[in-house]
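Letters are used for the chains, namely A, B, C, D and E, taken in the order the chains are written, and counting of residues starts over at 1 for each.
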Amino acid sequence: MDWLIEQLKDQLVFSVVLSLVVFAAIMTAVAYCIYFERKISAWMQDRVGPNRVGPLGLLQPMADGAKFLLKEDIIPAFVDKPLFVLAPAFALIMGLAGFAILPWGGMVDLDGDGVVDVMCQVADPGVGLLYLLAVGGMAVYGVVVGGWANNNKFAFLAAMRATAQMLSYEIPMALVILLVVMTTGQLGLDDIARSQMGEGNLWHVCHHPVAFFIMLVTLFAETNRTPFDMAEAEQELIGGYHTEYSALKFGLFFLGEYAHMIIGSGFVIVLFLGGWHLPWVSFLQPEATSVWAMLAKMSVFATKIAAFLFLFMWVRWTLPRFRFDQLMRLSWKGLLPVCLMLFAYVTVLLYLGRQTDLMWTLGGNGVLILLVLIVAGTMGVPVSGRQGNLSTLPWEGAVRAR
Amino acid sequence: MGSYEPVLLKNRGVEGSCTLKVHRAGGGYAGAEKALKLSSDEVIEEVKKANLRGRGGAGFPAGVKWSFLPKDREKTILCVNGDESEPPTFSNRVLMESDPHMLIEGIIIAAYATRSQVAYVYLRVEFHEQFHILQLAIDEAYAAGLLGKDVLGSGFDLDVYVHRGAGAYVCGEETGLIESLEGKRGWPRIKPPFPAVEGAFGLPTVVNNVETLANLPHIMTRGADWFQSIGAGSSTGPKLFCLSGPVNRPGCFEGAMDMTCEELIYGDDYGRGMVDDVGVKAVFPGGISMGVLTGDELGMKMDFDDPRNFGLLGLGTAAAVVVDVETDMRDVLLNVSRFYSHESCGQCTQCREGTSWMYRIASRIAMGAGRIEDLDLLEQVSGRMGMMPGYSICGLPDGAAFPIRGLVQKFRTEYEEHMGRQRDGRAEAVLRVLN
Amino acid sequence: MAKITIDNQEIECRDGIPVLQAALEAGWDVPHYCYHPGLSVVASCRLCLMEMQLPHPKTREMGWAPKLFPSCQTPVKDGMVVRFDSGAVEQNQKACMEYFLLNHPLDCPVCDQAGECHLQDYSYKFGESESRMHDQKQVNPKKDIGPQTLLYSDRCVMCTRCVRFAEEVSGTEELCIVNRGGRAEIDIFPGIPLDNPMQGNVVDVCPVGALLDKDFLFKKRVWFLESGDSVCPGCSTGCAIRVDQSDNRVQRLKPRYNPGVNEWWMCDEGRFGWKYVHDVERVTRPRLRRGAEMETPAWESLGEIVRYRFEQQVDRHGAAKVAVLLSPMMACEEAWLLAKFVRELAPDATIATGFVPMVGEERCFPVGCNADDAKFVIRREKCPNGRGVELVAEHFGGSTCDFDGFVTKAGEGAFEAVWVVGGYSEEWVPKALATSLAKIEMLVVQDMFESALTGEAELVLPACAWVERDGSFVNHAGLIQPFERAINVPDGARRDGQYLFGLAGFEGLYSGARVRALMAEEMDAFREIAEAPRQPAHQH
Amino acid sequence: MIEEKDIINVDEPELTAGERLYLPQIAGGMRTTLRHMFKKKITVQYPEQKRELRTENYRGVHRLNRDEQGRVACVACFMCQTACPAHCIHIVGAESPWEDREKYPVQFDIDELRCIYCGMCEEACPVDAIELTPEYDLVGRTREEMIFDKEKLLMVFDRTKETKPRKNPKITGYSGTGCADEHTVTERGEAH
Amino acid sequence: MAWKTIDRNEPVVDAGATPVLTEAIRGKIESFFPRYPTKRAVLLPALHVIQDALGFIGWQAMKEVADLLEIHPSAVFDTISFYTHFWTKPRGEKVVTVCRSISCELLGGREVLEAVKDHLGIGEHETTGDGKYSIAVEECLAGCDHGPCLLVNERMHKCVKAADVPALLADAGNADHGLPRSDLFDGPVVDDDRDDGVIASTSDVVEMQDSN
């Protein structure tokens, strides 16, 4: 035991072990995400959901996995074979790569000697945020490459949609992230998380609720979840980018999507909800560095992620899909101006040094919301939903006049 | 009319009336001799003048019928209709029984007038005794040179053959008779061509009733004016009336066509009233085919025209059957409808199916399982048959329609009463059993 | 031509025909059972009654007569005014239909006539939906009245068409009516069954399901049948027929009205003589001898092979050694195409007309009449197109001969390359021909069944049955009658016309009309028929 | 033909500012789905639990009825085959071996996979021989298995004899095969 | 065919059977030929002659008379079946024909018919076991003035009462009308040996008539 602890004191060893543990956990979580997705959708529709495999259907993910593994893996004759094989792997790998920098539990004092031995984080590059943005940006390639490799016009359309969508929502997201970076002055994720703890520090969501909301929206878009799942619209695109995929490859896309969701949730939690921190709980403060504290922190972090995942599913089974023009409009006409205004405002706050002053930040947000409502109410330009003021067609007036 | 002196039945009851001797003694064959001295057209003219209307039922003037024959014919066939199947008619029977030579004399005159060398007497098979009497008389006539080659020395040849039927009412219809004569089933033919143009064996044919022919000798001897003097209007000449049913004196009577039905039943010279003086409920005054009179309609005159005023088809054979008040009219309906369904020839749809349908309904009514709507049905079905509205080839269905429609219309209340007394649901129960 | 007015519409019609016939031809749907244009008029069903204008007996003014007249019995007269659309007429039709159905069993579901039954049609069009008779129906017995025919007396409407047919057309008189009134039935004298050579027509004339064909009994509901207008190949009379098929199998043949040829009738020989069409023994594939081996060449390559081999023979022995035997079972078009092909290859080739089977004597109906008065004749020449192939041979001229001449010449060794066409349903090859043709170098046999010749042939081609082809036959009197294809050829086979079309150098799909148009350019006889109108559909 | 007067123009409803933002609606939707999460579930655990049929005239697997003597009641009239819009019935008729009947089906196949359970066949049947039972659990492992032949259809009848499928009861007086057994029809006529 | 059909293909007349129409009968029939332009027209008289001689007209007689008149047997069958007078199965020595016309019925004809039936123990158109009597009914015997009436063979009995029936039937001379017969139309000598079994197979007709 001691030997083990000794070894773990080495950050590299710890990181390796942690990555293995996290990987295993994530994979399981992803599988159970599917289970819960189905359960929750069932519950929301007054059904019971999967309940045949194992007690309460708990073994359903195994069955699903086995099914994915055992089904015939078809590679259609007309596809671009290398890309076709590569795309699902890409989707999953890019999904999983983000986990490397999630801060799971802060500093840990493994042997209880009061000296912090390791960080409970696989890697903590100083520019973690940039890494995350890069990896997140790459994730779309899974979809794009898959759609392209399909050599199928519907899948290709899906890929194009995904590209455009990703492009449109990266910008608001980046701006929101920039807000946080500006507020904290940090790029490392653990640093950002810790900047929300301790005396006088609040979770960023308190300072930037609008930004948080925009972050959520862009997150949905980035992960291709309803109402932004334009890339896999069954009704229009017979499935979308994965039309031609079957068996394990299709399963990998599935896993990739959920991995993406988990990492995205973790990201938002770190940025806005204090990571593993809960106020007023002593061992969830950065000062608590014992192994038990680490475990508690990890649980809290996982719970927060779980809550987010629930939110994802809840939204999915509540809201219908956007139309593509609505999707674009929301991003370019809705989110982007608001983000820019926020950015400008925070810049001013930064100049004034009041970036963590609750009154200033919240006040700004309030004014912003008021502004948006006024604009939306008076100008009649919806940021989403129907295109209101279409120009009347020549004959329309005549018909109405009758 | 007690003063009426019988002409046609003058030899009835006379000893040996069937023999040539007795007939000759009463002035027999004088008419034939007179006719043979005239030309055939002159005979026809005389008969036309007398307006001798057919006694078989339709009342079509015999002389006119003869004049329909094509002028350029080579052979003509005379058919004598002795298929007297209409119930309750028996005047031909009486005529043949009492004076067969009068018929033979009439045949000679008619054959001469129509230039027929052969005459077939179509006799119904039920006339067994009459057949023998007539055949013996014909043998006698042949032996006396009245038939065969050179009739009465006039150079006119005539063969008379008796052709026996075999039990079919419809053979009394002239084309049915012709078919039967040709050895076929007695299905009436479609007209045109009329028998006068193309009849038996494809030759011009005249069909006359026995009673019609029996009048001819008297027209020849006494003249057309004498004939016109008996009776009135268009109904002239001696006529045989048959009376049957529960009357005191049923039988065949000769008289003029100026009496009423009541007179026929109650007259001293005729029926002499009902047995036990029961009331009259109904009378079929002209054979059943002509229709029915109620007890209140006895004032009908027994001539060719008046019956139509009482919803009857015509005078028919002037054979009246009286139904007394104690009779159940359901039985009468059953009997009448059974007769027609049994005797329908089966050619025309309305008659073939209609008569048997009416019989089925009538039997059910007689079983006490009638329904009110059956009466309407009977009326409708009987209204959908007959030659006069064009629904059939021959007149038999007319004869079926008139009595049944008459019975239903004139005695509807009685039938309804019977049905009213029936137990509820009896009709349905009987139907279920029958089916 | 008489002009009459029906339902306020003036029509022109032939003189002397019944009003009913005139109305039917002018498109009125007048119900009728007993009337049949080919039989005498009895006017007994009383369903075709009409109203007619007659002069008033006293005033002589024209007015509607108070009674109805049977339109089948009333001949048309110029200026006649009649109507079928009056209430009285319709009421009579309703009443009549009720009467017809009083005792009718309503077993349409198992009745083979259902679907082409006039009782059904008229009941639907002119009748009421319910019968008012509640009493039990009279059930007449079913009778087996002949080897081919069943009589269901219970379904009979006593139109007596069958009886009249047996009396007037076949003249055999087997059928009679028994009993009278509502108990009347059709019957035969026991032991003298209905088995004359035309008895099948009684089933056709029966407007209801009373007379049924045992051959077709329960085989198919008629609404599943599809029909092709054809011509009977049984003899040289050339009866116009209708081939009723379903699922690509012939189910029955029915005559079509064809004035002057077969009128409304056809004989049993033709009616039941199609069974060989579905014989499993038929030649359905081309067969080519290559050395000692037999192989099935692809249809596409056939033209090339045949052409090459014939050319080889022409080169080797000269064109005069080539001969073609045109079968009288072929259509004119096929004969023309084949002759054209052979004459192009070998201008001196002999065109022989094929074997004409002769059986017995000409049989005239009604039995006992002579040929001039006959209403129908079954010819002794048992092939449909003897005259047709003669016409074709005459047209090509040059060296032609008849079958006997061909057999003789073949015996003398006059030919080295011969194309023989058979297509008969029975064995036809004379021994002498088989032996002499066995010796020659190139023998093509186009036949329906294996024979002594197919064994010797270098190339065997399937000949298709006439129902699988289309073209035209020329009957004994020189009348050219086109016939349609009714069913598809058996698997593997191809229509004779189609491969001959290709051989003769044409491209695309063969059709009789198309080839007739080509023939008409050369042959006067085909000029008129080339655009022959279809026979007008006539009422039963 | 649509007339000008039949056309109704429907204007889009005016949205309020809040509605334009969609957020309140989204919130409402979220609330609804959340509420449903905790509602009683209506799922029926099918093979173990079976629900009562809510309609009387549910049309399930076909059956071929037998007459009193246990023979197939069908008279091979092909009415069902004719009426069938899915062309899933195939009959081969032949002369029946029984005295009171002329025709019977030697072969009677229904492709239950192709069938659309419209019930036209039982409507068309003049002798009430083919009926759709309320049985709905129709499964098979092969396509061949799902083509029900005469024996199988009669077996369905044997199994479901007791239930009387409810259907359009109007039967006009067809007398069976035209042969003697008319009372069966009468009985059926009364049963409805 | 399993269902019920009457097989009409089966011959009912044995081709080699001795003719039932004796020379006398044929001669009698042929004597009618000069009377009519066609042979077919002799059919009805011929049938009368045959029925008088043989008592009934069976299938074989029909066929033979058809041959004699040169018509198709079906035409004979057709005609015979149309008329009610002809018997196609053996009948009794005396045929009691009861009238059921309306006049007779009004006067008690129905009771007379019932009495005859009861007394002989047979129904309409049936023959007693001993072959003595058959019963027939007719629509009208034209004896309406003396109703109810009945015929015994050719003799008409008038004003018959139901009570008189036994005595009437017991009377040996009830069929004798005592009228002389014409030579021209008299039937040939009656063949006493009527039951020689030549025309036995009439069951078909029986069945047919029963079904009606």
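Operating definition for what follows: a residue touches a chain if its C-beta (ideal position, glycine included) is under 8 Å from a C-beta of that chain, and two chains touch if they have at least 3 such contacts.
What you are looking at is a predicted structure, and each value in this text was computed from that prediction instead of being measured.
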Reaching chain E from chain D through chains that touch each other, fewest steps: 1
Length of the line joining the C-alpha centres of chain A and chain E, rounded to whole Å: 112
Where chain B and chain E are represented by their mean Cα positions, the distance between them in whole Å: 26
Distance between chain centroids, defined by C-alpha means - chain B, chain D (Å): 67
Separation of mean Cα positions, chain E and chain C [Å, integer]: 49
Residues of chain E touching at least two other chains: 1, 3-4, 75, 78, 82
Shared interface positions of chain C, touching two or more other chains: 177, 179-180, 183
Per-residue overlap in chain B, given as positions that touch at least 2 other chains: 168, 185, 342-343, 345, 435
Every chain pair meeting the contact rule: A-D, B-C, B-E, C-D, C-E, D-E
Complex contact set, residues of chain B against chain C: 168, 170, 185, 190, 341-350, 352-357, 360-361, 364, 377, 384, 388-393, 431, 434-435
For the chain E and chain B complex, residues of the former touching the latter: 35-38, 40-45, 47-48, 69, 71, 75, 78-79, 82-86, 97, 100-103, 105-107, 138-147, 151, 153-156, 177, 179-185
Residues of chain B touching chain E in the complex: 84-90, 92-93, 124-129, 131-133, 135-136, 138-139, 159, 161-169, 180-186, 201, 203, 242-246, 250-252, 284, 288, 319, 321, 323-324, 327, 331-332, 335-336, 338-339, 342-343, 345
Chain D contact footprint on chain C (complex, rising order): 105-111, 114, 129-130, 137, 154, 217-218, 221, 223-224
Footprint of chain E on chain D - complex, ascending: 95-102, 179
